[in-house]
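Have a look at the structure that comes next, please.
Chain naming follows the written order as A, B, C and D, and within any one chain the residues start at number 1.
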Amino acid sequence: MNNNLVDDRLREECGVFGVLGHTDSAQLTVLGLHALQHRGQEAVGIVTFDGTKFQSEKRLGLVGDNFTKQPIIEKLSGISAIGHVRYSTRGETILRNVQPLYADLDTGGFTVGHNGNLTNTLLLREKLVSSGAIFQSTSDTEVILHLVAKSKKLKFIDKFIDAIGYLEGAYALVALTNKKLIGARDPLGIRPLVLGKLDKSYILASETCALDIIGAEFIREVENGEIIVITDDGIESHYPFPKQSPRPCIFEYIYFAMPHSVIGGRSVYEIRKQLGYELSKEDNVKAEIVVPVPDSGVPAALGYSEGSKINFDYGLIRNHYVGRTFIEPTQNIRQFGVRLKHSANVQMVKNKSVVLLDDSLVRGTTSVKIVRMLFESGAKEVHLRIASPPIKYSDYYGIDTPEKDSLLAAKHNMDEMRDYIGCTSLKFLSIGGLYRALGYSERNNEMPQFTDHCFTGDYPTKLSDIEQIPDHTSQLSLLEE
Amino acid sequence: MNNNLVDDRLREECGVFGVLGHTDSAQLTVLGLHALQHRGQEAVGIVTFDGTKFQSEKRLGLVGDNFTKQPIIEKLSGISAIGHVRYSTRGETILRNVQPLYADLDTGGFTVGHNGNLTNTLLLREKLVSSGAIFQSTSDTEVILHLVAKSKKLKFIDKFIDAIGYLEGAYALVALTNKKLIGARDPLGIRPLVLGKLDKSYILASETCALDIIGAEFIREVENGEIIVITDDGIESHYPFPKQSPRPCIFEYIYFAMPHSVIGGRSVYEIRKQLGYELSKEDNVKAEIVVPVPDSGVPAALGYSEGSKINFDYGLIRNHYVGRTFIEPTQNIRQFGVRLKHSANVQMVKNKSVVLLDDSLVRGTTSVKIVRMLFESGAKEVHLRIASPPIKYSDYYGIDTPEKDSLLAAKHNMDEMRDYIGCTSLKFLSIGGLYRALGYSERNNEMPQFTDHCFTGDYPTKLSDIEQIPDHTSQLSLLEE
Amino acid sequence: MNNNLVDDRLREECGVFGVLGHTDSAQLTVLGLHALQHRGQEAVGIVTFDGTKFQSEKRLGLVGDNFTKQPIIEKLSGISAIGHVRYSTRGETILRNVQPLYADLDTGGFTVGHNGNLTNTLLLREKLVSSGAIFQSTSDTEVILHLVAKSKKLKFIDKFIDAIGYLEGAYALVALTNKKLIGARDPLGIRPLVLGKLDKSYILASETCALDIIGAEFIREVENGEIIVITDDGIESHYPFPKQSPRPCIFEYIYFAMPHSVIGGRSVYEIRKQLGYELSKEDNVKAEIVVPVPDSGVPAALGYSEGSKINFDYGLIRNHYVGRTFIEPTQNIRQFGVRLKHSANVQMVKNKSVVLLDDSLVRGTTSVKIVRMLFESGAKEVHLRIASPPIKYSDYYGIDTPEKDSLLAAKHNMDEMRDYIGCTSLKFLSIGGLYRALGYSERNNEMPQFTDHCFTGDYPTKLSDIEQIPDHTSQLSLLEE
Amino acid sequence: MNNNLVDDRLREECGVFGVLGHTDSAQLTVLGLHALQHRGQEAVGIVTFDGTKFQSEKRLGLVGDNFTKQPIIEKLSGISAIGHVRYSTRGETILRNVQPLYADLDTGGFTVGHNGNLTNTLLLREKLVSSGAIFQSTSDTEVILHLVAKSKKLKFIDKFIDAIGYLEGAYALVALTNKKLIGARDPLGIRPLVLGKLDKSYILASETCALDIIGAEFIREVENGEIIVITDDGIESHYPFPKQSPRPCIFEYIYFAMPHSVIGGRSVYEIRKQLGYELSKEDNVKAEIVVPVPDSGVPAALGYSEGSKINFDYGLIRNHYVGRTFIEPTQNIRQFGVRLKHSANVQMVKNKSVVLLDDSLVRGTTSVKIVRMLFESGAKEVHLRIASPPIKYSDYYGIDTPEKDSLLAAKHNMDEMRDYIGCTSLKFLSIGGLYRALGYSERNNEMPQFTDHCFTGDYPTKLSDIEQIPDHTSQLSLLEE
């Protein structure tokens, strides 16, 4: 579940999109997934239904590199479609794990895409295999397929609700049958899902930016614990779980979502500026320039500049052509301090005292490099400011966090972190500041407004696999690919 | 099941190979499948077991084009392996249908490769889906996986025998678990399977030519209805079916097997010469030269020449570089009589009366072209002789035959066929001659010595799917790929 | 020479890099070209010399997609290397046109890479072909190879100087022989070239950002009209042309160069801020927010914001996953206003009066879309401001400009442009403001400080091909590829 | 020039084809080259002329694998075309060496394909480079392009004749300009070239089999020393060399040409049967079966069987799926005697005394394996018979022979060869028998009827490069690819 991070970032594991009843369903899905590309860059899949058959195309890589040719769009015929973009570490990104997954049920075809992560996958998988189920992937999403297939209920929607009842953890699902487009969010609404409308067709998507790209109207968010069933006759909602307050993932605001997306009625861009603003109010450093780590640190740096009255400028330039598998320089080259991803804008930082703004701090390896580069470029002081609290706990709900031991803040105090990074001073936004930026006076510790365990250790659900299974590998696939 | 034939040939659908306990198991399997390549040119798969994990590689195309690189051999680590070559029409050749298929059972990993065709696939599939099974391919072999997974027996081998008991039709299986290499033939032994030994390792293969290529010793054929279980401790056989006489497929002798293979103790090459010899004895045509359709008609032509005392010569030359997807000439080029696959050896046939020998006649389209080419090259007479009886019935046991309506002999009498082909005269080997060539005085109509329904309509097993299912498509996959 | 622009941008045609005497020469060249990727994204080539043989690798696509694997780096062995990135329209991007070009001369191997464009290519090519030269590309750089090969001089460097003497137009060259790394700039220094040093090895590169990425020290610019010859013994300079003032291309400051590059002693980033600042001083619009067209309009927008005291904010979000061949939406989707490259940050622009900042205006097609998107997002007013003067003339020195008729400012007055684009008001930076931003009180019309004909029509060299050749195609290659 | 042989065969280096004035010129060329595929399997090239531009497509690999798709045929538009198939060892097979080669001359485009090998390439190349020519390939054919380009003659055909005059060695050329299709054979006619006609269009091809495949009529052979110029107005011939007797390469009959081709009025198939027949008359071995090494030894074996009255049978079976880069078995597998290319037909050879017929003997490595395989299969005696004389000398005219030291017969006497191969007895056809099979009473030693230096050491032309150049590498390309 946890993987090494190539570039010291948290990564969202997925984005989903679905549309029913539009003659350009495949093309709309391609565009929607393109807008959600930041949620998963490793693989893309689209399944359409043409009235008789389902068509599926899955590819490793980006939407724009794989779904641009006319033949692939023509192959994906039909007026309903769902799609999925996926992030995963290399070892596991094989085509049979790429979603949407598909099954022929006795009620007809059924396909599903999943954003999030279940916390009782292994227990469910073990039971299913014992009863004769054959798994074809290591994706935890396949558990959902088998639970639906095994359900003794007669109607499809009852099978689906029956299956969902077994799941623990986080999920935002889009699913498609020969008649229905279905959306579902877990009881706490940890992962996002929104409902939109284009012309007369309903759309489901992880973020509003996927509605914007196709000019669709935003209707509302799918609610926590809601199962929304869209057919030609309209929308019908099921609420199979006990009612409770939503608790969405706070990282959507801090890092994952596109800045122009709107979540929970809040502009992500404005929240990020506000995070920087709150941070400036908790700070009193003297400096001459506020420099963002581009691009993700830019809004917070603008907010910090506004709050601190220190000038904002681009002291770091991002190389837009960095691919994900760039050449690994040899040791004798690396010593010269190779700068592949970011370059210092030397003329702007030379002889200056710099406030360096980043959105979050994971392992700190990138910060080490950037701070060193700024000093080598002549900066007098580098004050690293992080527009969120220290990350001390791993995630199990669909964010790819490193092992707890690799989280810099999990094992080190502030002084150790500052020394490791090599900056003049280091400061994080407080939990209080975080909640203030989001519009609350404080965190409700009884019933927290957000899923924020990475900062607090306060996990919102049971973690059955972690707690109960001594040897997790016993039911993983023995087929290596 | 029946498909258009690209080049007017019957096609075997598969070849299988397995080895247990050899340090070069992957490489032996590559070589063995290369020797069995004539049994399937569309796709290849190999699964190995390395003591902990199973490795699988599946590719569309030829063994020699796909399994020659060191990295792929190194990836297929382990000391046991099974492999499969497959023929299938294009529409269905997708990687998820390529064998061996694999499942994680609660007893561990299990993988199987299948030569043959079941005749109750659809009935079994319908039942399995109703009970919650999710099929990932349209291959009838997947039914076997699910039957094993669902079996309530506790020991693996009991699950396997339990599953086999549900099957109707033809099968020669090789299967592999973490301890066992298993071979199985259907109760009539329709498809071939032999046991060999190399050093201390046992080998299973469709034909003896796959033992020859690696220098392995031929031990014996796996018997009809036998399940042979090979472990480090040796060989153990199970006979779960009532004892009966074998009834192997007669087309292995006529066309499918390699000429140097030995089946049922008979040299295939010698049988083919004998088919030509018997045909010459039923014939009395006057001619100056016996010309084979190369390469498959050569042994029969040599036998015919020996029997008739008419000189054998290569009047047709085969182009060895013909691929399977050659350029389709435009109409205005085609009119010149393009000769892609065979060329006339004009100097040999000009002004001669020719006996043209072929092994079998399916739709007759190739014969039309060859006969016309011989006449255009100056042949005075072309007497077409077929070294087997007329094919009047479709196969359902793993031979890819066209729809019955496309079989030339199913709908036309001898005169019509001769006129269609345009030859001077046309003659087939009789059923009596066929059995004489195989060493019998006559066909035992009560208990035929061979599976020969393509000539006789006498099918050896029930054809449940054909007889009982009105709409076959209901349980096929709705996922088009 | 002029081509349709896919995305309404001017494009630099090339970047060059060279290194002599470093054990990691290939890897340094890969990194340097990666830093110069913005100067050409269509193709990359690297040639190295290993003491005996030259190695060459040329690929269509990006550096990071093509030169990341160890085998390709190992193949490019040697301690000297030159490399080239290239932009070109599709029809002409074939591998044989990709630079560096190579020739076996009787003095040994010779390879050259060229940034810029000659204005007498066709005349030279015609003469060379008449004397028996065989051209293998349509690249004007091949003319240089043939001129060197044909030179009657005995020493290589004399041949090179002899050849350069025939050229008109713009060129920054890097060349490599078995002993020498050579750099050369045209008499006016239109295209940039800098000299750096890493450890004991000299480096040549189009921009300082290519020195920064490898941690090399910037020494100086290669001067206009200078031929710099680097050997193991050090540096030697030749000045074969009459001395004159330099006249570098002004577009390097406005758009082409990386913001952190330093050209002519000036920080490109600061110049761009200054362009915005000067523009704000020529302006008096009332507005609530300054929004850049990201990323190229950002520095100018920051400068404009500083000068005008109007708040800077990201009202447009750039999609970082836009590839160069994205899906072309069908008409019925396009009507919804698809936003592939930029999205509006609706919450920031709604109900606001917006100053929209862009660096330059070419055909105006992108501006039309962005302005419309801002209005659709609720902007009250959109005041488009361009931080450079109107482009009225085509370039012939290595910038890919559209046909003059396609330049919006060449055929329309200010009101027509504003109406076409649909903005509330439109304003360009004046020529005076442009030169003030660059640190001059005014343009020296007698002897202009920069190559600025795109704004002024004042071409710095003869345009022999344009003026003298009636039918340009007669000496282009008749071989279409 | 000489290369290691992968599989112990002599290899023809090329085949050529050309057509003028046919609307399907590209497709005819594809078919013609497919029929000539046996003359070169490493690379294919086709150049067409559409009235304005030349189109070129070059690919490594087989015709049928590379020129089957409609887009490539459509791209090769035009009504005239030439094509080339090439054999070359791996190191040198790079696309820029693949023919036809092309040049823009001042008289227009010119493209040429060459079968054969020049013996003064290096001398000519040295002179051309000194005068400023830039070579883009290491192909000796490029010398011809430069000689034509440098010619001071005014008319194209005079330039061509001028250029041809400098050449020594063997060549059969097809060339194309915007008006002319040209064929040329060296003064001795060493390599073959025939003229055909299809409808109203003339065809040039290496062998008649390329006429047969498209249904074209054979007109005549191009004569030795003839330059044939085909235009819309018809055919015109030039004879620039002193008249002499032809001296065609004898290996076309023995091994290279397709059996159904006709060369010098003789059926290749019948000549090969006759070679076996003559050999049988020089032999008196007692044996029970004549076995050919398939496929090339088959006609000789039929002739030997006819002459000796010993039965012909297939004692060896060829695997038709052998690719050119098959898996190299590890040593521990190789010891079992892996049989990739040929298999013994054990039932036919067991306990028999075998006459094994092959067409020629080069290094003997394959013979060693086959003889051992026959003995391992139970053969009592194996009498190897070679239907041509011992090869003692290397070729320099376009046949890929190994270094002289690797030719078994160059260094060993009959007893040594027999012992090395391990056969019971060994016998070659005599020079006298060879000429008798070809219809002559004896070899004319004053003026030999054929180019036969591989057997006799009697080279038909000067070998200038071999004799005069001490260091051949000085003018080879320094650019490694």
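To be clear about the criterion, contacts are C-beta pairs under 8 Å (C-beta built on N, C-alpha and C of every residue); 3 or more make two chains touch, one makes a residue touch a chain.
Because the structure is a prediction, the values reported are computed rather than measured.
**Q** Could you find the chain whose CA centre sits the greatest distance from that of chain D?
**A** The most distant chain relative to chain D turns out to be A.
**Q** Could you put a whole-Å number on the gap between the CA centroids of chain A and chain C?
**A** Here chain A and chain C have centroids separated by 37 Å.
**Q** For chain A versus chain D, what separation do you get between their C-alpha means, in angstrom?
**A** The computed centroid separation for chain A versus chain D comes out at 62 Å.
**Q** At least two partner chains per residue is the criterion; list those residues in chain D.
**A** Touching at least two other chains: none.
**Q** When you draw the chains as points and link the ones that touch, which shape shows up: line, ring, star, complete, or other?
**A** Graph shape here is a ring: one loop, exactly two partners per chain.
**Q** Would you mind giving me the full set of chain pairs in touch?
**A** A-B, A-C, B-D, C-D
**Q** Which residues, counting only chain D, touch chain C once they are in their complex?
**A** Residues of chain D touching chain C: 47, 52-56, 96, 102-106, 108-109, 129-136, 145-146, 149-151, 178, 475, 477-481.
**Q** Going by the contact rule set out above, which residues of chain B touch chain D in the complex?
**A** 23-24, 27-28, 30-31, 34-35, 37-38, 41, 62-65, 67-68, 73, 198, 209, 212-216, 258-260, 262, 267, 269-270, 295, 298-299, 302, 312-314, 317, 319-323, 325-327, 329-330, 332-333, 336-340, 343-348
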